[in-house]
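Note that subunit A is present in both complexes that follow, paired respectively with subunit B and with subunit C.
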Partner chain A sequence: MTKPAFYALLGPALVLLLSTTYPFLSGIYTSLTNQKLYTPATKFVGLGNYINLLETPLFWTGLANTLTYAAAALAIQLPLGLAFAILLDVPGRLQSFFRSTIVLPLLVPPVVAGLIWKTMMHPQSGVLNWLLAQVGIEPLSWLTSPHMAMASIILIDTWLFTPLATIILLAGLQSVSGEIVEAARIDGANAWQVIRHVKLPLLAPYLLLVALFRVSDSLKSLEIIYSTTKGGPLDATRTLHVMAYEEAYRWSSLGKAMTIVFVLWLVCYAISGVLLSFWQKQEAKSHGQ
Partner chain B sequence: MLSSLMPRGLGRAPLFAATALAVSFTLTPANAEMNWRAADGQTINLMLISHPFVESLKPLLPEFTAKTGIKVTFEELAEQSGFEKLLADLSSKTGTYDVFMTSPLNNWQYASAGWLEPLDPLIADKDKTVADYNIDDFIPSILSAGRWDLTPLKGIGEGSLWTLPINFESYQLAYRPSMLKKLGLEVPKTYADLLAMSDKLALDGPNGKTHGIITRFDRYWDLPYLTFGTMLQSYGAEMLDKDGKLQICSDRSVAATTDFITLIKKASPEGAGAFTWYEAMQGFASGQYVFSLNEANLFAPTYEDPKQSAIADDVGYAPTPLGPDGKRAAAAWIWSLSMNSASQHKDAAWLFMQWVTTKDTMIKTHLAGNMNPVRQSAWDAPEVVKLMQGWGEKPGQYIEAAKTEAEVATIRFPPHPELTRMLDRWAEAIQKSYFGQGDVKTNLCEAQEDIQRMLDE
Partner chain C sequence: MANRTSRGLPAKLGLALCYVAFAGFVLFPLVWIFLMSIKNFGDIIAYPPRFVFAPTLSNYAEILFGSEAERASGQVPDLIKFLMNSVIISGGAVILSALIGIPAAYALARRRDTTSDKLRFTVLSFRFAPELVVILPLYVIYSRVGLYDTYVGMILVHQLITLPLMILILASFFRDMPIEIEEAARVDGAGIWTILTAIVVPIARPGIASAMMIAFIFSWNNMIFGLVLAGGNTRPVTMGILQAMTFDQIKWGVMAASAMVSAFPGMVAAVLFQKQITRGLTLGAVK
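Entry: the complex of A and B
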């Protein structure tokens, strides 16, 4: 590489590096201070915020809620998305209609989706309890009971994001070569066996991709929760992201907020790292390396 | 008119008390030249929090522009998101909002940070303030609640004036006369009366089962600060005692909390543990409840409006119940306007704040639903009196209840920039007890320990 080319490429690379690392490092630094929005007097407190956070029972509740949300979202949306993808992969007249309608929830902003569902889940005037009453089921406290709120939030998340899983997995199914499927059929495989032994193994990288997207997104989810329960009732849906948001924008404590954000980043990084390594293994396998 | 109702000689002055910590201004001389068109051609931007005041203000804005040549743009958001956005803007000192709706509680943080323009110099400047502005016409204790000398935990009513009030709310017991008649019950005078009838309040209405009580009950500061705060204070429990010690898990506080939870459990429906003020107002206006307990009295115009309410011809108002010692105390909320110290249009901003809070504009907003008045002259204005006179089961009932409450309504909390965080923690303890996670005393004592730590920080 010539010297001018080297410097020409170095410039943008440095800009990119600085524009990502500077805010990140400045965030970590903030987490080591007692910075508050309303006072210029900021003190370096070392790991004080981290120690306080770990000693707060609410942190462990928040961490458990965050992990429950992400795990449940994935455990429901992956198989459901796969089932929809398989159905949409079956050639048929209505296929293109269903393919376009299933993505509709993805076009709804999460805050709007949250508000729509909040209205539908209202204990007295919501349509869901009205529907339950039509079949003789007692009304449910969808978002207003600490025992049900998390499940309701996950239901909203599932409505909103299962289509994403479906689209990715459908793309994966359609990339499976017709020749392989044909060969399996000739060998006497039935439809289920084709899915189980031919399509699913080839779909593995796509499943991991969905897992990677959904886990990192749902660990950081804020809009649905904030537009429905704001972390309540009590602390039933208070995730780490909700806690960080409240620290920053309700209570102006940037230091404490950044501490939670950094812990959340660590959790995301660790889980995504594991999934990414699986994905890379799958990629290597599917490319015969 | 109101001064006759005011208790005398109290250390801390309730809202209507003439003895309040008012600092009176020497008004501008009568020959002062103040030019309403001094900022002609400028544009100011407001942050407004959704409230009947905003609805009453919007139709008047063209009048302001015609008078001053100043164009007004605004953003209107719900309370929580509005304050969150305001915080982001104020802290970045960009001056996006020249004037914004706020309250003394919020201002304790904003003033500490230097984000507010002190208003005394503007009011005293004869070139900037109209001669007949008459600051002394504001109910003194309401005006002085916006004054603070920035000393944590004290100094309210002293130091700089940070804000001008536009309305104030206190709390009341709203009830449905027809339902009480059907149940054979009287309006309760005390919390004990209310507790005694709490499991007899369910009725079968034309639209399904109706419930006994609705009141806000979320996990936020407004619970101990305003609505339940009114009950708490009537039980003789305040956040700090005279020596500055926390009283959150005192016997009186435990008793009030226990009774409150009993009331909600016995007389409120499923979902009561997540009701916000909006749901409390809508719920009562929908006709599904016998009582609206200790909710904002300024919801009355909504209840009285047949377009917004199913109970317009069947609603009554009474003062909040008396505590165990026969005592009544009430919280107060004061919506106010403050000026951003980072504003690039301070002259125009002041003209706007001044115009909104003049007697004439205030009366126009009151007639369009902005309750309750903060100027003595507005309380006395015949058209305002006539409007309020019609509210309630019998003529004058609303005014009577509002005045009774105003006699004992004040801010009984220490000024502190992080008071909302402390009160949020307090509210969490109350909710925990409601949801059966630990007993009342333990939960309140844990909250008290945490709040002590916040104070020590």
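Entry: the complex of A and C
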């Protein structure tokens, strides 16, 4: 394909996608002003918003919540997703049924997932506390207690997104060629040994891909929290993305909201940039083979 | 081989338990909300929860045909309006993305060099930015140019979801297609546009259909864009459900039925396009 043809075909898509740099840059400018949402009278304040933000204790709470959420989501969903993937990698009719059900949570709107779990987590009439009571565990306050709310949000996130980890890792397990597996079998390896010594070592790029998607998504998670706790109780689930939304719409301080969003964007950009470059290296290595 | 047959009963039982736990965790919430959607009010608030009850379709009737008061006054039920908005926005967004995304994906698939790879990663990187970084400033811009709360504005902003999806899924799909027919056509003097419209698109129709379906679901499932950029005229179904929830805390059955209806496109896609969904969810990074 010639270069002019290449750019002609790509042109409209590139123009559309790159046109987002305008709102992006105008957002950076907004973060340097005291702009309000509904009144245009705006003053340039330089780095004032950023300095104020760093001096606000709630910002550090929000940053800690954001990082806790992302770290916990990855620490739980990576091993759990791998365990699910190994269970589904076993050939069989039951497994093939489960392979088709595993994607269901991923296609539920996150807002709806939030509402479903909020219903189930209702402290008095929720089905989860009833289930706990059946095995003799005291009822939990789930989303309504500051100590449990973040854990409950992470549980919802885990239900919704562990399947993503599972299907990526399952694709990885199944990408190992049948010949290698067969050779190991002939050498006397059992099913578990094949997974442990043949398949897992080849899984590195897939594990990185899971980390990339899960970390970057959970750093900016908003919809689950918005449909359940809205950041409460007592700021226990107030992440930076939720803070930014609140700042814009509850306090209508667009300048301050953009400041928070840009700090979050920098965090996302740095972390996903590192993971992306690791993954690219792995990809290049496996393509080179 | 000997190992497999000699595996003890406890191990088998343990494995079976793993499958049960797995299925329970994944499916229980969906089954539970479905049951709630076909319960009457008494069965919903009953404690201990009822697993056996007389099912009713009244919750669905209320959201789809309106409450008695709404029917009497000839009003269109809110959820129907929200559903229509979502169909227009997500449908429009996917069609626009197909028109400009198919040529782009084809270009990325058939010219492999560093520029092409860089562009692919640029498209991928759109997924990693927090949405508000673009849509909060867009709110100001949209308000100024009159795109706030319009279908055109919503369809344009949904390109941020649907266009990268279409481009990356289809680029990975086109790359797997044999290039021979295209090369033969080129030898016969066909231009790139003819090759694309007369040969590639017809062959790739199933791949294009599944990419469009997946892009549609992701656009449909999104709430944040509607939260910031849609008002009373274009509010999508994911926003509508939240709104119903805040005003009407007690109507659990209606909430559950609305949740089922709004999750419906995703459920259908999960069954129909299970294989392609992995590729879609990972933006073509995994086949």
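Definition applied: the second predicted complex is superposed on the first by the 265 of 289 C-alpha atoms of A that agree within 3 Å, B and C clash if a C-alpha of one lies under 4 Å from a C-alpha of the other, contacts with A are read in each partner's own complex, and residues count from 1 in each chain.
In this section, contacts are C-beta pairs under 8 Å (C-beta built on N, C-alpha and C of every residue); 3 or more make two chains touch, one makes a residue touch a chain.
This is a predicted model, so every value here is computed, not measured.
In the superposition on chain A, A:P233 contacts subunit B only, with no contact to subunit C. Once the two complexes are laid over each other on the shared chain, residue contacts for A:W159 go to subunit C alone; subunit B is not touched. Looking at the shared chain after the overlay, A:F84 reaches subunit C, while subunit B stays out of its contact range.
Looking at the superposition, the partner that touches the larger set of subunit A residues, subunit B or subunit C, turns out to be C. In the superposed pair of complexes, A:T39 makes contact with subunit B only, with no contact to subunit C. By the document's definition of touching, both partners, subunit B and subunit C, reach A:Q124.
Of the two partner chains placed by superposition, only subunit B is touched by A:S141; subunit C is not. By the document's definition of touching, of the two partners only subunit B reaches A:W251; subunit C does not. Of the residues of subunit A, those at positions 37, 124 touch subunit B in one of the two structures and subunit C in the other.
By the touch rule above, subunit B contacts subunit A in their complex via residues 80, 84, 87-88, 91, 109-110, 112-113, 115, 218-219, 269-274, 283, 288, 417-418, 420-421, 424, 428, 431-432, 435, 437, 457. Of all residues in subunit A, only 34, 37-39, 122-124, 139, 141, 143-146, 229-235, 249-253 touch subunit B in the complex they form. Listing the residues of subunit C that touch subunit A in their complex gives 1, 3-4, 15, 18-19, 22-23, 25-27, 29-30, 32-33, 36, 45, 47-49, 100-101, 103-104, 106-108, 110-111, 116, 119, 121-141, 159-160, 163-164, 167, 192, 196, 217, 220-224, 227, 238, 241-242, 245, 252, 255-256, 259, 262-263, 266-267, 269-271, 274, 277-278, 281-282, 285-287.
Those residues of subunit A that touch subunit C in the shared complex are 1-2, 5-7, 9-10, 12-14, 16-17, 20, 22-24, 26-27, 30, 37, 83-84, 87, 94, 98-113, 115-117, 119-120, 124-125, 127, 130, 159, 163-164, 167-168, 170-172, 185, 190-191, 206, 209, 213, 216, 219-220, 222-223, 226-227, 241, 244-245, 248, 254, 257-258, 261-262, 264-265, 268-269, 272, 276, 280.
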